[in-house]
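What follows is a group of structures, each given as structure tokens.
Across the two complexes that follow, subunit A remains constant while its partner is subunit B and subsequently subunit C.
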Partner chain A sequence: MTGLRYVYAVCRPLGAPLQAQLTGVGGAPPALLSHRGLIAVVSTVPEADFCEEGLKAHLEDLDWLAATARAHQGVIDALTTVTTPLPLRLATVFRDDSAVRTMMEAREADFLRALERLEGRVEWGVKVFTEPSPEPAEPAGKPDRPTSGRDYLRRRRADTRAHEEGLQAAEAFARSLHERLRAQAEDSRLHPPQNAALSGARGSNVLNAAYLVRRDRSEEFVELVDRTKDEAGGLRVELTGPWAAYSFSGLGEEDARYGVSAGEGR
Partner chain B sequence: MTTPAPRSGGFPDPYGHSSGANLADILERVLDKGIVIAGDIRINLLDIELLTVKLRLIVASVDKAKEMGIDWWESDPALSSRARRDELTRENAELRERLARLEELEPGRVRKEAP
Partner chain C sequence: MTVVERREIALVDLLDRLLAGGVVITGDVTLRIADVDLVRIDLNALISSVNESVPSPFELPAKEL
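== the complex of A and B ==
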């Protein structure tokens, strides 16, 4: 069976060994590939699964994608416990070790700069959800049907207004929470709201943010988030992390590309 | 307990494993974030971008999200809703129009108040 080299992350040489039982994508154990003061964390994956056609087909399969994503994140997570990794995007694959080394050499300056910037930092995710509004209680005994068109429209307007006010309140809370957390973080990113089918979360996702926080400030940050949960009223605040600094490690070609297209268009 | 529970209270271990993450949290990071390097298998960028978009669309379409007012990520720094801005613009235009009508109705009074 021919294999390709799957690269999870680039980091500085580890001060402590990776956990012995760790497995990566497809169950293979990750290995460390050292090159000029940096290491790439790699494992061997079957070419059939990760060649262009194979990968394209697999990416349409949510179960395969979920398993691969979890395996990828599992390795990044293990690395995060012993170092500050630069996580690569899912399915970054090379022919062999020598191709990985070539890439490391070509991007060496970028990697070193990013590692310098992120050293000792982790990412925390904070999401705010509205709690789904309960169905309005029907007054017992009375038929709750609109008696006229005007009545119906009035009711619809009232419902719409209540819904809008709820969303405005949620947005105001999300905004003030984001400002407070941002003040405690070195950097922050706002992500698009999450898909409820994937997250399994109830309600609308009105804030989905990531904060870059120093490890030694993380306890304070988490306590701050916990305190705001009490002020959230009918909203739900969820904290995830610590993550490797996924949302803050961007560098290179893609960012340059986005930099052009993400500007205010006309 | 077999499913990861959302973190509640207690001290975080800054070197510990990330907790409370669901599949959407993981996918949005491993597909959408992280360093992009063109590997030897050149599928990555477009297909993965497309996939990310698809994953988001499974339930809430972008239009639906906008309809619900969840569009403020589009103007990241200001955190301001485009819908709200449009609303303000519309309201502003309405007020100007009303003011113009009032001025037409009472030209004398407006002139009197002018310096």
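== the complex of A and C ==
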């Protein structure tokens, strides 16, 4: 059988077994690979799909990518019920178990440090969207259609200005919300705003942030987010999670590149 | 439609984390950052083409703004 080893996460030894019916990428059951004080959660994937060329071709297939991402997340989700996993980037693949062990040994100190930092913590995602306003409120008695070219241009300018002001207000709200949430979290990351075409969400995404919160403080955090939903007149606040601490795995320069720098450019 | 929309929303949140987050380890085969950028670009292209053939009612108000 030609298969590669797909690695989902690294964790400390589990206190409980994985759910028996759990399936990973490609439908294969995940297994635990112990090495010294750590375990890697792995499953076998077809070499044809995960060799360099195969992977590249598949990444252009949205359905394949979605199925793979969901399978990866399914395993991480199951792990979060029994431990605090250190999730790996999608599609981290090794030739065989011994290559996985070599990697675990080489990165052991990093893994232990990160696991220590994340122990008992989860990630919450908070996004703010503008709600596309139906129609700017027109004074009563005004004709629906512009009466002249000049009237049309005047209305256009007023609409544009209202839109810009709305966006500025939305960004100010997002900044203040981020500050408040950050004060309640141990760490935070700003992800690039989501593309509306990609998310299918209405309105513009003015905040796309992740917060690292202790599990036992999560209820408070969620309540805080819920309360701000009421103040967000004309804006939509969305909460996702709890996630494994994907955005805080912090073992690479990528965090700086994708999180912080993208946020500053907003 | 609602189900489809919800699925897509969750997917984008998932990709925010699985493609930009998680521990980066050089495996025997690993997505490189360049590949991930390509995936994002491809995804944009893919999804906009999907939206063109199956127009989403949710997109219309946004475009008019």
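Assume the second predicted complex is superposed on the first by the 231 of 266 C-alpha atoms of A that agree within 3 Å, B and C clash if a C-alpha of one lies under 4 Å from a C-alpha of the other, contacts with A are read in each partner's own complex, and residues count from 1 in each chain.
Basically, a residue touches a chain if its C-beta (ideal position, glycine included) is under 8 Å from a C-beta of that chain, and two chains touch if they have at least 3 such contacts.
Note that the structure is predicted; figures quoted are calculated from it, not measured.
Asker: So in the superposed three-chain picture, is A:171 touching just subunit B, just subunit C, both, or none of them (first/second/both/neither)?
Answerer: Only subunit B is touched by A:171; subunit C is not.
Asker: Tell me which partner A:199 touches in the superposition: subunit B (first), subunit C (second), both or neither.
Answerer: Touch status of A:199: both partners.
Asker: Applying the document's definition of touch, where does A:226 land relative to subunit B and subunit C: first, second, both, or neither?
Answerer: So A:226 only meets subunit B here.
Asker: For A:216, decide between first (touching subunit B), second (touching subunit C), both and neither.
Answerer: first
Asker: Give one of first, second, both or neither to describe whether A:162 is in contact with subunit B, with subunit C, with both, or with none.
Answerer: neither
Asker: Based on the superposed arrangement, let me know which partner A:86 touches: subunit B (first), subunit C (second), both, or neither?
Answerer: Both subunit B and subunit C are touched by A:86.
Asker: Considering only the touch criterion stated at the top, classify A:191 as touching first (subunit B), second (subunit C), both, or neither.
Answerer: both
Asker: A:72 contacts which: subunit B (first), subunit C (second), both, neither?
Answerer: Both partners, subunit B and subunit C.
Asker: Please indicate which partner A:109 is in contact with in the superposed arrangement: first for subunit B, second for subunit C, both, or neither.
Answerer: A:109 contacts neither subunit B nor subunit C.
Asker: Need the overlap of the two footprints on subunit A, from subunit B and from subunit C, as residue ranges.
Answerer: 4, 7, 10, 50-52, 55-56, 59-60, 65-66, 69-70, 72-73, 86-95, 99, 103, 107, 114, 125, 191, 194-201, 204, 208, 240, 243, 246-247, 249, 251-252, 254.
Asker: What residues of subunit A sit close enough to touch subunit C in their complex?
Answerer: By the definition above, subunit A touches subunit C via 4, 7, 10, 50-52, 55-56, 59-60, 62, 65-66, 69-70, 72-73, 86-95, 99, 103, 107, 111, 114, 123, 125, 132, 134, 163, 191, 194-204, 208, 210, 240, 243, 246-249, 251-252, 254-255, 257-259.
Asker: What part of subunit B is in contact with subunit A in the complex they form?
Answerer: Its residues touching subunit A are 6-9, 11-12, 14-45, 47-48, 51, 55-60, 65, 68-70, 72-73, 76, 79, 81.
Asker: Under the touch definition given earlier, write down the residues of subunit C that touch subunit A in their complex.
Answerer: Residue positions touching the partner: 5, 7-25, 27-31, 33, 35, 38-39, 42-44, 46-48, 50-51, 56, 58-59, 61-62, 64-65.
Asker: Spell out the part of subunit A that touches subunit B in their complex, as residue ranges.
Answerer: Counting only subunit A, the residues touching subunit B are 4, 7, 10, 50-52, 55-56, 59-60, 65-66, 69-70, 72-73, 76-77, 80-82, 86-95, 99, 103, 107, 114, 122, 125, 164, 167-168, 171, 175, 178, 190-201, 204-206, 208, 215-216, 218-219, 222, 226, 238-243, 246-247, 249-254.
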